[in-house]
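My questions will all concern the structure given below.
Chains here go by letter, A, B and C, matching the order in which they are written, and residues are numbered from 1 within each.
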Amino acid sequence: MTEALVFFMAHANTWAATALLCVGLWVIMVRGNLFKKVIGLNIFQTGVFLFYISMGYVRGGTAPIVVDDPDAVYSNPLPHVLILTAIVVSVATTSLALALIVRIRESYGTTEEDDVIAADEP
Amino acid sequence: MMTALPASWLPLIAIAVPLLCVPLILFARRFPDVRETITLGGASLLIVIVALLAWTLTLGPVVPLEVSGPIANLPLTLSVEPLGMIFALVASFLWLVTTIYAVGYMRGHHEKNQTRFYVFFAIAIAATMGIAFAGDLMTLFIFYEVLTLSTFPLVTHAGTDEARRAGRLYLGILMGSSIGLFLVAIVVTYTVAGTLEFQHGGILAGKVEPALAGLLLALYVFGIGKVAVMPLHRWLPAAMVAPTPVSALLHAVAVVKAGAFSVLKIATFIFGFDLLGSLTATGLLQAVAAFTVIAASLVALTKDNLKARLAYSTISQLSYIVLAALIADPAAFLGGGLHIATHAFGKITLFFCAGAILVAAHKTDISQLDGMGRVMPFTFGAFLIGSLSLIGLPPFGGLWSKWLLIEGALDTQQWILVAVFATSTLLNIAYLLPIPFRAFFRPLPEGASSRLHEAPMACLVAIAITSAGCVVLFFAPDPLIDLLARALTRQGSP
Amino acid sequence: MNLLAHLPALQIVVPLVGAPICALLFNPRLAQPFAVLVSLVTFAISIALLNQVLAEGEVVYRMGGWEPPWGIVYVVDPLNALLLCLVSGMAAIVMPAVRLGIGSETTERSRRLFLTLALLALTGMLGIVITGDAFNLYVFLEISSLSSYALIATGTDRRAAAAAFNYLVQGTVGATFILIGIGLLYMMTGTLNMADLGERVVDLRHTAPIQAALAFILVGAAVKAALFPAHAWMPNAYTYAPSMVSAFFGATATKVGAYIMIRFIFTVFGAEWVFGDMMVGWVLVPLGIAAAFAGSLVAIWQTDLKRMLAYSSVAQVGYISAAIGLGNKDGLIAAIVHVFNHGLMKGALFMVMACVILRMGRADISSFRGLGRRMPVTMGCFVVAGLSMIGVPLTVGFVSKWYLILGAVEAGMWPVAVLVVMSSLLAVVYIWRVVEVAYFAPPPDTARVREAPALLLVPTLLLTVLCVAFGVATDTTVGVASYAVSFLMGEP
């Protein structure tokens, strides 16, 4: 029992990230409302971000800002930087997706995927 | 390329001449007489070049011309060897004759889109020259495909629904077989042999196990759809919807002969007699070809439409050459090569006559031809000559090719094939001779005028030339036979 | 300052800076010529880089002078160089025609923004191809993806927005998969530089994260490349996008996805392991063949011809993937050559669609009736490009097909060779259907239809001529591809 718990907690970040990934993907695939798909996409991407950032943590490390202490151990700043870029990308993607939803709403009058598909049926 | 003799360039020039006619023909499209003159001039020039090349070949081997091709490590070669020479001579000569015929026919029949016709005709002849002079399988395949594509507009010339359907069948079978079977065979040959060049004794000997060789042989025989081995023969009768000059040249000479030529060349210079003789697949494919010979003849008997009957006759005769290739014997090779020439002249005469009958008398079926010999004596006389040549009776050239084919079958002790040839000859008589006999010996139907009303003059001239060719080939086959025999020697072969 | 030494950077900087300038130009009418100028300069840079690579070998450029693996490097090897030329070449050819291609539906102001997006998409794709850093690849991937979502949404059909939305969702999932893969790689090796990854991964191949990374990256790349069954976004996206956009992306975007696959398999993970222990070939080849059949079969039944071409592209990507999956030299040559050749063929075909849409209003099979007489040059281009799709000799399609069949036979996979050939025969059906209708069927109405305008016709003709030119004189494409393969496979 304890080994299982240890195993789980040792990789807690991975489990959390995986859970978010799965939730996000599920929402994208199953939910028909376009807004919800975007939300699902965001959850999915957030899972990835968390995974990356948590990867950078060094046990006993401090924030990666240079201090005068020569023995300081820093967490890895690189994943933070990478994820900043990825967050920006995610924001851009979300805004584009929302703009597209506005357009779809204007053309079809609905934001439900099923209705959009049905509207185009001959 | 600087070191190649001038004669090496002649094959390239032979391909270029018809192609150069194309822009000239397009330029002259509003002036029919100029346009026809260009074609006639181009055809004459081509004959001169090909004849020159033949003469050069008699003096000694010609160095092949190499150009780099689309595939690295596989240069395109144009080489001059006897079998290809025969094919080129026949095709170029008959291009001129057919153009003469076409002038009469197309104008007499008031055909539309004549410019398009002459343009694609020229391209098809250029492709035929390319096939004749191909020194390796890649070159052959490229020109083979060009031939298929350039003859498509010719086959579908009429633009009717029937023509469209015929075109679909044509393209479907020919492209399907060439991409699906022929190309695969070529790739495998390349992987096994490391080269695609035609060589004396073949390039596969010793490099391939019998099972694979047999498979390759089958891929080639069925992949070369133009030779119309059953069951890939359906395109030929369908293509009869084309105007007669198209049927005449392309389906009696260029397209189908390109197929037969390819099979003969591949059998002799890729596989080699020894390898062929040792494969069980050879026997199986001989059976397929033999079946085609007999079956097509039988179908021909049932056809009342003249062109359809001639089409099935062609299918049957083509398998003669396939058999010649598969018998894998020098005499059979000579017979096959000679048959390319004799059948060409004989069949084209028959097709010319069929076209003449269509233009002058507007009749397409054999049952309508009773007594027409009085109306068109010259045409039916020529039809008789063509029939006799095809049957293989003296004094017509077809005798020699059949003789050599049977000799080849006897040499290899394949009695069944001898029987097949003999039976087929009888069937030839059965489906060909009744036509001129009905024309001459049956009375005309009531109310029909017996006034002389022959085909246009240009057509008659062409018919005369090809009939004369049948006779000439009887009396003087030796130059051709000697030339062909050289193909089998080490120096004479590619 | 030696300009030549900075060519790799300029390759990206020129279109990247050109994009906002294009958006901010005072006079909107200048946008079109400016965009054309930018794409021509970009193309010139690609040619120069190709020459450099052929002469000197791999070109490595350190961004900002930082040494790898700490800094980002741009690495131009023969494979990249060829693709750079393809992408920027397609942009240069298509860009001049944009005004006509989308002119009727847009104002000058919005056209300026359209061109900006196009330049951004160009930047993104060039960046994917040229970079030697894994995360940098992701960034450029997203740049090109976002701009392509937006470009597709500019189509006038109302379904364009929905198509773009679907593409956005699926594409982002795919790109995020690639991000996950890169993250796993970084976690295990501590580096993002591709060459460095290639060295460090060797000892770690037995670990789960590395194997998972391979899987994630291949799946993500498959989505971008529209490899069956991850192709679902493509037919709608290319059908409802403006034809110019389809022409450009149809020739480049999916190829870049295939490039990502090749790059990661060969440079990062190592081919022997990927095709050996991981048996990726056994996934790529069956999927590729399935794609070839599925795509070609569905294409036959389409009446909307842009959709037909899109499904045909699904099939072609299948060929490319199968070729990669064969794992041998000729297979890889086939893949690289087909990436280039298909770009030319599909570009030409989509440009034909653009011409027809301009004149006829729609590009479905009924608008092609009798087109052989009304628009002879355009139809002529269709026939030639179509013959190239079928794989007739003397066209580029034949060259790709030859190497693909050769690769399959050499790998001992006879069934694959047979299946490739059979699916090409399906191409005969859907191409010839259009040819028949154009030349045999009478026109649907008696309106006078003129040939396409020169501005549209010239790019179409140019691409068609290239289809034949590169099919006859193959030294450049096949030569560079062979050189690239020997690079990728580590031969001297």
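Operating definition for what follows: contacts are C-beta pairs under 8 Å (C-beta built on N, C-alpha and C of every residue); 3 or more make two chains touch, one makes a residue touch a chain.
As the structure is a computational prediction, the values presented were derived from the model and not from experiment.
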| item | value |
| --- | --- |
| Chain separated most widely from subunit A, comparing mean CA positions | B |
| Chain closest to the middle [Cα centroid of all protein chains] | C |
| Geometric centre distance via CA averages, subunit C-subunit A, whole Å | 29 |
| Distance between the centres, which are taken as Cα means, of subunit C and subunit B, whole angstrom | 44 |
| Inter-centroid spacing, subunit B versus subunit A (mean Cα positions, whole Å) | 70 |
| Complex interface listing, subunit C residues touching subunit A | 135, 138-139, 142, 146, 149-150, 153, 158-159, 161-162, 164-165, 168-169, 172-173, 176, 179-180, 183, 186-187 |
| Contacting residues of subunit B [partner subunit C, same complex] | 68-72, 141-142, 145-146, 149, 156, 159, 164, 167-168, 171-172, 175-176, 179-180, 183-184, 187-188, 190-191 |
| Residue numbers on subunit C that touch subunit B, as the complex places them | 387, 390-394, 398-399, 401-403, 405-406, 409-410, 417-418, 421-422, 424-425, 428, 432, 436, 440, 471-472, 474-475, 478-479, 482 |
| For the subunit A and subunit C complex, residues of the former touching the latter | 21, 25, 28, 34, 37, 41, 44-45, 48, 51-52, 55, 78-79, 82, 85-86, 89, 92-93, 96-97, 100-101, 103-104, 107-108, 116, 120 |
